[in-house]
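Both of the next two complexes hold subunit A, though its partner changes from subunit B to subunit C.
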Partner chain A sequence: MASRKRTLLKVIILGDSGVGKTSLMNQYVNKKFSSQYKATIGADFLTKEVQVDDRLVTMQIWDTAGQERFQSLGVAFYRGADCCVLVYDVNVQKTFDNLDNWRDEFLIQASPNDPDNFPFVVLGNKIDVEEGRSRAVTEKKAKQWSTQKGNIPYFETSAKEDTNVDAAFQCIARNALKNETEEEMYIPDTVDMNTQQTASKASSCC
Partner chain B sequence: MATLGEGPVTPQEEQVKWLQEASTNVKRNAFYMKRAVDEDNMREALKYSAGLLVELRTSLLTPQKYFELYMQAFDELRHLEAFFKEHHTKGRSYADLYELVQHAGSVLPRLYLLCTVGSCYIRSKEAAAKEILKDLVEMCKGVQHPTRGLFLRSYLCQVSRGLLPDAGSEYEGEGGDINDAIDFLLVNFTEMNKLWVRMQHQGSQRDKDRREKERQQLADLVGKNLTYLSQLDGLDFTLYKDVVLPRIMEQIVSCKDDIAQQYLMQCVIQGFPDEFHLGTLETLLGACPELQSGVKVHIILASLLDRLARYAQTDPSVVDAFNKADAFGQLNAAASKVATQQAEMPAADVAAMYIALLGFTGSVYPDRLDSVDQVLAATHAALQSRATSRDARAEKQLVALLSIPLDKFDVVTVLGLNNYPHVMGLLAPATQKEMAVKIVQVILKNTTRVTSVEKVDMLFDFINPLIVDVEGTQDDTDEEDFADEQSLIARLIHQFHSEDTDVQHQILTAAHKRFLKGGPRRLKHTLPPLAFLALQTVQRIKAREEAGDALDSSCKTVLQFTHGLIAALAAVPMAETALQLFLAAAYSASEVARLELIAYEFFEQAFILYEEDIPDSRSEVTALQSIVGCLHRCRVFSAESRETLVHKATGYSGKLLKKPDQCRAVCSCSHLFWQDIPEGEDAGSSADGVQPPVRDADAVMVCLKRALKIANAAQQQSAVALKASDTSHVCLFVDILNHYLYYFEQGNTNITPSVLQSLLELVSNEMANDHCKKDAALEAFYRNTLKHIAWQKKREDGVGKLYEPLQI
Partner chain C sequence: MAAEFAAFTSQAILDKFQKRVEVVEVWAGRILAGLVDGTLVVLAPDQQGLGGAGGKWQVQQAIKGFGKKYLSQLQVAQSGSLLFSLSEEGVNAYTLPKFKLTCQANRTRGASRFAWDDERAMLCVGCKKRLLLFHYDGKEFVETRELALPEPVLCMAWCGDSVCLGFKNQYATIHAITGALTDLFSTGNKPGAPCMVPVSKTELLLAKDNVGIFIGPDGKPSRKVGLTWSDCPVALAYSRPYVIALLPNYIEVRSAERVSQHGMAQVLPVRSASLAAATTAPDGSAFVACVSDTSTILRLVPVPLADQALQLADMEEFREALTLAALIPDVQTAGRAELEDALHTRYGHHLFAHGEFDEAMAHFGMCSYANPLMLLSLFPSLAAPKMLEPVASLMTDYKLPPVPEPEGEAYTKAVSVLLPYLLSHRSRLASFDEAGAAPDSQEASSDVEAAEAGQGQAQDGEAGPAHARLAGLDAEQRRQLAVLVDTAILKAMLDMSDTGALLLFVQRPNWADLSEGEKALQAAGRYSELVALYQRRGQHDKALDLLQKLSQKPGSLKQAPQGASAELNGLTGVWAAVKYLVSVGGSEQDLVKRHARWILKADPEAGLEMFIQMEPPLPPATVLPVLTAQAPALCAPYLEAVLHNGVADAAEFHDELALIYLRRLLEDEKAQPDAVAYANNVAQANGTAAGSTSGTDSAFDKLKDLISSSEHLDAERLLSVLPSHSAPEIRALLLERLGRHSEALQIYVHRMKDVKKAEAYCDRFYETKTAGRSKGTMPAAAWNSQDDSAAYDMYLALVQVILEREDESAPSSGRASKPSSSTWGEVARLLSRKQDRIEPNHALNLLPGEVPLHVVLPFLEGAIRGAGEQRRNAAVVKSLRKSENLQIWEELIRCKQRHFIVSSERACTICHKRIGSSAFVAYPDGTLVHYSCYKRTSTGNLGASGGSGMGSHRRVSSGIPIV
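Then we have the complex of A and B:
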């Protein structure tokens, strides 16, 4: 069982309301874009098969609600994530400022084994708006932040014009795969099916 | 591990324990399930997957903990799903598998498995998607426990995502069409909402709070359906308007549940696009009055208005669309209807609703003041019957409401709206005052000018609680707050400005009349700035007079008006300030208006105050300095009147209490006989009622000699008092020396080098005293004076020559 091949990568997209999380996912998975704003309620995922070097893996991409009021059930789905994508809108300063909060919140809730080296990727979205004239956050600023937070890869994207979306997700997949942390392994003490109640927790936990 | 036997105590610990137990069982079963999958043993795989799913039957966990367990089971089921997908490649039919999983013993695991197989079944296209979906959504009715049912249906949606026969989807056609996709989601939505609402009515009344909290946590599972619906590619406006929205609204309204209505209305507003809302305003707004009385409709409306306002800003053509749909009219009508039909709606909420409407109006129609007035009218109508003045929350909202147009439009124009005073009238006196402060602050912030008597009068009506005592507003104001308020008014006065000086004079008069009603406490704050504004007006009138304009208000009339103002201030009593203002007015009368008689009268008034009302000697010194300083600069007076005034001032100086004060005052008075010659004027010139500068060398000398005499007297006084360390008289000598030097340089012929030389020696002797050397300030003063002389001696111009004979 320990040799069971990991074929499923879990990716969580986080960021403020309206930065384009759903659009990025839709552009990447379905090659579709709509400029209408529709709030996402709750969290849900789309899957996409992706080739990373010689491996074919399935990416489970979780799109989340940016509006707090639509996050009523909590964030149990963060657990087991292999990569976290932080998205902001390059035209709205506040969405960039909030990246810190999203990152911290993720690390607290998902509690990965090695929080310092957990793979994040930052996307500065909507670079197409007014051909960049309405930008509020410079590429330099964003890169600076990403570097400070442990060399997080940074991409400037446009879900609308499909700029850099594939490249970003390719990087996301690669980094998720690199995060090959030991999956919590369950090995039952007993194989006796008639005494189910005596089975206890895995011995791998310390 | 916790101590065995005792067991967990708190509900939270209990939850953790239960979750842990269930989770262990899920893991164990998943282990065997995966082994069975590896061995390609379908029967065993199903058995253990059912085994892990049984854990989801628990009723012990709160929704958030249940969600954690669900996520765990969900992740494990992906392995089974992958196995099912392989199943197909091995040439086995899904129809069989779909049958097979239904043998699972208990209903919940069976339905999870069915959904899992169902999704693979659709993907295989062995059967029409719509048939399978219809079957699944129907079969799920088998679970009627709210939490379990909601999660099961949420699972159904999750696994069927991307498999609906949406327009352009690969499952469209034989698999069905967009209508089937919509129908599937709507049925699921309706069923979920029913489960969710039913939860409210289960269990005892005692657990109501906990139950409602749990329901809030489950909300997103229901709302999620609306996100799925709005993400369908085939959902165009017509389908939304004719099919989707009516069915959603029907469900929302008919469920008659506060929590569901509050939440789902928000979901509709946030989850569907702007264009759809604009086209269906009637339906959306029509539902608002139908909602339960416990629903906070103002939050729902605010949310909608906020969205629409932002939408209007994306593109100018949108505003046209708004007009076409009469969005404002519809929204205004809807708000009124809500306020009327929901009689128990708290006043604060009504006000909040109108705040949202006003915010919308401001951003969509930035220049439509009539709309603002309409909203104010509606607000007034809706709140009249609700007692707002005793409701602190409502008052707060009303202040916020009244502040919105102040920030967006010209303040004075807003105050002129018909309905603004009506709404303000709803406030309690104390709050009206708070509002008054706000109005003044905004005017100051925007530096709005108040340009006519009518406007000033209107403004005063609004800020009346700050201008006069109003019953019910004074109790909680301490002195400091009061002074702050009044200094706001003082600043406000400088915003009264008309280009027409006649109007300006009328404004001044109107303001004065109002201020007089405020009593002495206020007058001391309000009259001084008003007096300065009046003097500024004199300057403007003079400029216009010189330009040849025909005016009603002359410098004279305004100065007379100013006279009355200052006299009122003196009566407050505020003698010192009034004295200073009389001097300022005298200067203005002399140097701006060139009106000798009036200037003289102002001095007279200042003298009367000096003689009768200056409280102590220190204030006398200050006041006298001001008198001398002002008189020195005035050049309108004929020799005769000047003599009278100067005589008085010099007389005062001799009567000061302390010798040093007398001495210095006399020195100052010497300057009354020695006026500056302005650049470009000759010593003897006079023009436009200006007298030539006075340069009376002998009179100056008389003053200086008197000063020396007084300094000597001071010296003797301290000798008598045996105060050897007292150096103050030496300081006076140095002072006098400096005056001598000034006149020496000015060319006063009475001051010859030899006169100066003897004074220098006198001072130098005094300075030799040990006590003087220790007095650092005096020492520096003296040294600097000598330095000055040395410096002047070095000059190569006439001054250098003048100083040449002097020896230091």
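Then we have the complex of A and C:
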């Protein structure tokens, strides 16, 4: 069977509990934000159609539980991911420190073919909190980390105020597609014999 | 393919018309047809409006000579009030509806083609080798520009700021402002006129032979994918999303938005050999004029998009169908959502049948009412179809063709794709129940409330209809669904390579069906997981039986243990059972008792560990009989441990422990006839060099420690159990506890021949007795106190015992009653060593008369020296006291000597009046006040007399003021 163009992108969101993974996803997909915190149980996904250049792709975003007691069986979710989004809360140092763990865990569990070039995207969320006065992680530090880990794109976001969310996910989609093998250019169909046959048949009966 | 796809239905609105129709244009529900002789024919449906599908069309009006000689092009401006036509005399503009000529474009006579752009109100006319640009100002055309062309234009269309031109062999674009001409590409090798159609304001479709290429305003291809027709088109029309190509013998309809390479086409037959023109009405209808010897105008009415989508779905062109569904305007959202759901479901099903599991699941996931049942129904081996029945209301309404469950490798792949979706459904169920549980706790909730909770959830951005469906189930059905999902997850994980995830899954709270899970896990030999499942369901007996089998006789299991359980044979299995029982805890006494047996037999240490670690702990009274029966040797370590961690009450179990030690001690003795000697040796070793390791863990030492440290022992009872001939030291210790000192001392001295121990015994006694009071008083004075006479009398008791021995032994040995000098020496040394603790007079009384003086000499010397020392001490104390007394007298005298001179100037420091001859008070620092003032200021304060009140008043603590 001819290799069809990839139209399904699987994206995994990882990060500590309470950094806003679900909120980011909801803001992006549903344009909704609720300040009420509800711990995610297990894992769930939302889908969104995304236009990347001239292609329409379906992005399936898997939101996972940050709390260990709700985490379920990462390997089942990580399998076949096209991009992994690491989220931390810029106001909580520990969530940033844990990015390393999340990244390692993902690479171990998902074991992608080319771990060094697997697309990650880092999001520093909640930049709206107290207008940034309560920040614990500077942008510089986060960027430094992202660069160190293989030039991971870094975005500062606020799911609450919808800052940078679209841009971040656009980048995520683009990066998820990056790993795809170069697709061949379109080659026009040759004459469709089938069509001609039906044409003659149709005209004879009419 | 069986069914033929139809995007349009065709209807002839003008048939067998004798004259040749050159051009058609739509105007306000009517058709303007330009004839070859220049006549303009207006066609209109019988009833007003284009709606009547079967409605007849009639010629409403015919204007002869509308165009001079011929009419080659007609275009109605978007406003509908302006018509442009091209005839021999050039481009004319008419107002509608009266067809009144308003103006003519100059110098356009003999023009071949024009293109009108509504937005800019620009008209572009190709006239021989010139291109003329006009601006229409509402009254007339104003020429703005003239550009030279290499050859006459055959067709043209606006695209953004440019005009795309079709020459005989070449396409080119020309920028309307700069006039820059850019060649694009050739019109192809086959003969035929160039042809093009605008797809949007900024995109054109150009035909090159039988291939259509989309270009943007810059002239570059705007899409990677073009269109391919089965022949070279004569004319093109566009009705979103379809391109209608008029081929020499038929009309071919293809989607411009096609996504798959084998894009669907509709072929509409036409009788005539040549086709002339096509145009599109705003409602999507296309009108095509076909010409042979007679003319026919066909109206192509678009089939509703939803119907088209379903047609495509029926032809398994789901992607095309979804693309079409996406074109349905948002106004009809409800219908569209339903349609899309159906398409996703069917597409998913189709993909699944073709082994495209990943995409299939993704499409199922995109359904607004996605639910696990859709997925489970595809996997009969994960969920038996009859188990789905109770929750069948979740099933889709679509009759989907049965798909055989994938097998072999494909099955494994499918299951691994399925798993995360099942887990996500699990999460959804859980969060639904959580949301539903909230109102539950506040007040009695009905299903309605649960549904509302579900709706609330939906607002949080979760899939609404899916929740609505879940809300449609009652709690019992939801539970059944959860059971289905979890059972399927369990089975799915069994079919995947073992990553430990399954074990983790069954260890956590889950709904997996016990009997189903049991069957599946047994068949796969995954006993560790089965044990965990049993444990989750409280089937501890089964779990432990299984562990026993795994550990003790793995051969008896039908299926060889796999995964984690493969390592459970032998001791690891025992320890697993221990861990299990420890986690179950002491609440299951019978269970523990039943299984402790084989565990203790297999590995006593493990058994011991189990009893010690168990939380909550099992009562020692229950454990001990088990241990006594199975592994008596473990009783002591067990009791030690539980006593240490406070599980066992010392008062209750010290006796027990002591008895156990005793029993062991006696056993040891029996085994070693010289045990007494041994015990003595050990005792001596302990007495001299502390911490000799060889003896520390022996029963003897433990018993000794216990007896000397425990407050709860019933010494009487132990004594009664202890045979008189064994373990003399233990006996002595017990006697000590009972206060039977002389008996104890007798044992030390006579049986054990260990005077040092006896002396230590006395020391111990003395120290405990005197410890309480030694703090305040001088140690030397201890024996002066009459109350404590018992303390030092112990030494005398010892002396007595030592002497008694002599008395006893004398007759038996037959020697003279004269005590041996060694005994005397011993006694004497003892007396002199402890002379500060012994009342010499008492001691002397005790000594029999025949004691040789030289033997007692050291003691007497010591006693006399001690008495002298005491006297001297007393003298020193006396002198010290005396000098102390003198010092205080001196102080007193000094204080009495204080005096104050009260002159006439001296004033009271309170009222600042003169003291005069009135009574006054003097403070220690020399200030004086009236007595009355002093009284006033110290009201209520002590102040009876001037003297004693001072201290508190002026922060002066000593000194006596004189009044």
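Quick note on the criterion: the second predicted complex is superposed on the first by the 175 of 206 C-alpha atoms of A that agree within 3 Å, B and C clash if a C-alpha of one lies under 4 Å from a C-alpha of the other, contacts with A are read in each partner's own complex, and residues count from 1 in each chain.
Definition applied: a residue touches a chain if its C-beta (ideal position, glycine included) is under 8 Å from a C-beta of that chain, and two chains touch if they have at least 3 such contacts.
Being a predicted model, the structure only gives us computed values, none of them experimental.
In the superposition on chain A, contact is made by A:Asp54 with subunit C only, not with subunit B. In the superposition on chain A, A:Gly42 makes contact with both subunit B and subunit C. Legend: residue contacts after superposition of the two complexes on their common chain; A:Gln148 is shown touching neither subunit B nor subunit C. Shared-chain residue A:Trp62: touches subunit C; no touch with subunit B. Comparing which residues of subunit A touch subunit B with which touch subunit C, the overlap comprises 4, 7-8, 32, 38, 40-42, 44-46, 60, 72-73, 76-77, 79-80, 186, 188, 196, 199, 202.
On the subunit A side of its complex with subunit C, the touching residues are 2, 4, 7-8, 26, 29-30, 32, 34, 38, 40-47, 54, 58, 60, 62, 72-73, 75-77, 79-80, 185-186, 188-192, 194-196, 198-199, 202-203, 206. Against subunit A, in their complex, subunit B makes its touches with residues 20, 24-25, 27-28, 30-32, 34-35, 38, 63-64, 67-68, 70-71, 75, 78, 82, 158, 161-162, 216-221, 223-224, 226-227, 230-231, 233, 266-267, 270-275.
If you check the complex, the residues on subunit C that touch subunit A are 1, 4, 210-211, 223-226, 228, 230, 249-250, 252, 260-262, 265, 267, 269, 358-359, 362, 365-366, 416-417, 419-420, 423-424, 426-428, 430-431, 434, 459-462, 499, 501, 504-505, 508.
Touching subunit B in their complex are the following residues of subunit A: 1, 4, 7-8, 22, 32, 36-42, 44-46, 60, 65, 67, 69-74, 76-77, 79-80, 186-188, 193, 196, 199-202.
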